[in-house]
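Lettered A, B, C and D in written order, each chain numbered from 1.
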Amino acid sequence: MKFNPRFFVREALKNVRLNLLMSITAVTTTFICILVLGAAILISAHVSSLISSVRQDVTISAFFPQDASQKKMDSVRNSVENYPQVGSVKFVSKQQAYENFKKRFKDNPQVYQDLGSDFLPASLEIKLKNPKDAGVVARKLESEGFAPKDLSYPQQTINRLNRVTDYIVWGLRGATALFLAASVLLISNTIRLSIFARRKEIEVMKLVGASDSFVRTPFVIEGLVQGLVGAVIAAIAVIWANSLFVEWAHNALPFFPISGSDVSILYVLAVLVGLGAMIGVLGSYLSVRRFLRV
Amino acid sequence: MIRFDNVTKVYGRDTVALERVNLEIGEGEFAFLVGASGSGKSTVVRLILKETEPSAGAVYVGGTRLSSIPRRKIPQHRRNIGCVFQDFKLLPNKTAAENVAYAMEVTGQRRRSIRAKVPQILELVGLSEKRDRYPEELSGGEQQRVSIARAFVSQPPILIADEPTGNLDPDTSVSLMQLLERINRIGTTVLVATHDRDMVNEMRRRVIALDRGRIVRDEVKGAYAGEV
Amino acid sequence: MIRFDNVTKVYGRDTVALERVNLEIGEGEFAFLVGASGSGKSTVVRLILKETEPSAGAVYVGGTRLSSIPRRKIPQHRRNIGCVFQDFKLLPNKTAAENVAYAMEVTGQRRRSIRAKVPQILELVGLSEKRDRYPEELSGGEQQRVSIARAFVSQPPILIADEPTGNLDPDTSVSLMQLLERINRIGTTVLVATHDRDMVNEMRRRVIALDRGRIVRDEVKGAYAGEV
Amino acid sequence: MKFNPRFFVREALKNVRLNLLMSITAVTTTFICILVLGAAILISAHVSSLISSVRQDVTISAFFPQDASQKKMDSVRNSVENYPQVGSVKFVSKQQAYENFKKRFKDNPQVYQDLGSDFLPASLEIKLKNPKDAGVVARKLESEGFAPKDLSYPQQTINRLNRVTDYIVWGLRGATALFLAASVLLISNTIRLSIFARRKEIEVMKLVGASDSFVRTPFVIEGLVQGLVGAVIAAIAVIWANSLFVEWAHNALPFFPISGSDVSILYVLAVLVGLGAMIGVLGSYLSVRRFLRV
């Protein structure tokens, strides 16, 4: 038997048209599921990028002795800058430290009003690539000549931050996985029901001599079309909502580093549409199979 | 062509539909299958189509034992049998013409020959005007004729008709009878399960009578009731 | 009891199923409706049941013009009509007995009287043994008899049967005929659409013949074909 | 016609059993939707309670002049404690302030090593009931005699916190509403399909004289049963997962004030089960209706 793709596509499209109520239901279901899933993926992406930007803010302050020479300090700075774990290094002079201190306590100037401008030591502010490396970098700095008491890094805060953000990321991944599983189940449930409603037709096709694949192919194409349509609409909606959100976040939450480039739109589009198509095809395939045993 | 070897069919636990049926219908033969309602006629049809399996015994079609046909070869087997089902079994989403064409499409025939053949066969059963109607827009007899057309259209070596005149008026029944005869004359094996006394009595062909699952009569030139 | 007043029924755009049909069937009358396949018999039945509306003209049942019955009173109207449908219309999720019982349940009858009546009526159509079978486990003729039993069971004043013997063997048909006669004798109006020439010819009752949607014959003691 | 509830319940349960595949599908769909919805409600509740506990941490520090008398300070404290916006007030003496300062800068003792123990002023630490009131309270404190420069409250932080948490709460509410809408649509889609598969049955029932309500009631009860079963299982799963989470959070995130009592379990249970039942009933009712016009 020749395989005739045009015949099958024609059959599938005719069926979509004739079983319009069922097709619309299947498309709606796919749309909703992919929409929620897409939202979950986007939110995960934004939160992840937010978290990693927060993490980058973690710094180690290394205080120089009050009597350290500028030359010595410059050489230490150069060496620290070359640590692989280090993102950036900023030198804070005594004067700058005093200014910062003043700024920090500007609400109660009692604190500093009686102090000279050089009571604070100069320091390096070291941004890490990954806050997990704080311990390693601290030990390296000690071998550089810093006393442990002269290293300030909020280890507990870092640990907490790491744990909490780890949990948040895992929580979001878990939720996305849950939505994925739920979507697969819900969409294939819908497809199963709509094929169940046509099980007699499948029986008749088999009885007049149609092979399994001859019966199945139009259903699978139908599932593909429904999945694609639902997923494409959902993907467009998700991407549109995302661009609205990014724009809004820029204005409403300017201190939140949310940007459109956090998320690869094409990637999301491909994943969602691919998923919709896949569930449509697989759901139809498996649902038809159980009624083919005639 | 069709052979039943000691076939017993039990539905569920205790409904004996056929009991030790032995039957042979040769190639090119024409046979009626008669019997009261519930005597097992449709079960014979179902067994030949391998729609269901015998509980005991074996069914042979064209020399092949049906129980030895693997699942994936069943469609091939069914394409050799045109069948008019008692309940028509039309596809509700296809028009009359599409239903008829489907039987050709499953065999992978060319669109051109399908396009040529279908109108011809619809003409034959008097449904030219209804070709684009869906089954639910057809009267009972019209649906039955679509089912008949579908069974004929791909000219299978075996033709089985289960109660093909149940919804047809006597005139249409007569022309169907003539049609069956013509088809038989070109070499097709024909088996007709029927209650239509007039049809059986007029044709004087082989009659196999079932009674509660057993063959009680098998006459070469029989009538509907015994010894008419 | 049943009156068609210049009824025309057009399906879709151009399928004229009935054309200016005038018809009156009195209370307690027994009438056959005959005609070729597609001549409009089932359409008559559908109009009486208010399953579909006439395109022109009016249908009266028991003196009421059907088009004036509001939607919520339709069930009441249908409960006065027992109908054997050409395609049986059994509920697939109910056993034979439950299908028959359903026709009594819709009228809100007591469980006790349902329990008493259903087995009786199944006995009458010869299906006592099959009472717990689902429709798909029944043969064609058995399904038809369930449909017949359901139409009888609540003893409606009007009984309509559309092709009630299409799947029945001649013997069963004869007993059905006798049953219809008995039912008619107790005052039920009976209308039977049929192709069964023997049945019509033997009963010698009123015959209304349709041809392509027109009434072409209406004889008080008629036969299937004109002037037998 | 008498209304016979036992008849309808029997009919409905029989249908559930006979259309097992469809019933299971409907129950699964309800289960999944209610599960996701329940998770959303719980997460919202936890995050809300977390946020309000974080908000309560916002304090105003009011520094007394270096020469304020203890009596004066006590009387101010009493008066502040009676502000309606104020949750609690803590007096921090000069000595305590010095200890806190030492603790705060313990990583770089250079900062305080040359200072006396009384260089910091005494202060009141005022916890607010609602951080939005910071401005009001500050103005009151000024009328109490504090100079604006002696009042320290992180107004910007408060504003940001308010805005971000507002957005988070609204985001969560939005997500929950979205899930609710999605659940309603998905469940009723499933019900619609399973009733669509039985439209011929409905037609037949009508043709043999059944009234609309006679046809509808078993379907509605069936929908009720399916909705209830799915929702109850989902509610149990949600509540069980919540108790696991609360326990885990106690150990894994001890600094997060998550507790089991954040969420009224009975309330969640009632909402979810009620919702499942309602969607089941309404979905069936509306789906049957469209096939009753025979």
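Definition applied: a residue touches a chain if its C-beta (ideal position, glycine included) is under 8 Å from a C-beta of that chain, and two chains touch if they have at least 3 such contacts.
The model shown is predicted, which means the values in this text are computed figures rather than measured ones.
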Pair of chains whose C-beta contact count is the highest in the structure: A-D
For chain A paired with chain C, centre-to-centre distance based on mean C-alpha positions, whole Å: 67
Chain centre separation in whole Å, for chain C relative to chain B (CA means): 28
For chain A paired with chain D, centre-to-centre distance based on mean C-alpha positions, whole Å: 24
Graph class of chain-chain contacts, one of line, ring, star, complete, other: ring
All touching chain pairs, where touch follows the definition stated at the start: A-B, A-D, B-C, C-D
Contact footprint of chain C on chain B as seen in their complex: 11-12, 15, 34-38, 41-42, 86-87, 137, 139-142, 144-145, 162-163, 166-173, 195, 197-198, 224-225
Parts of chain A lying in touch with chain D, wherever the complex brings them together: 21-22, 25, 28-29, 32-33, 35-36, 39, 61, 63, 66, 107-111, 114-115, 119-121, 149-153, 160, 163-164, 167, 175, 178-179, 182, 185-186, 189-190, 192-194, 196-197, 252-253, 255-256
Footprint of chain B on chain A - complex, ascending: 1-2, 4, 7, 14-15, 18-19, 201, 203-212, 214, 293-294
Chain A contact footprint on chain B (complex, rising order): 49, 51, 71-72, 74-76, 78-79, 83, 85, 89-93, 102-103, 105-108, 111, 150
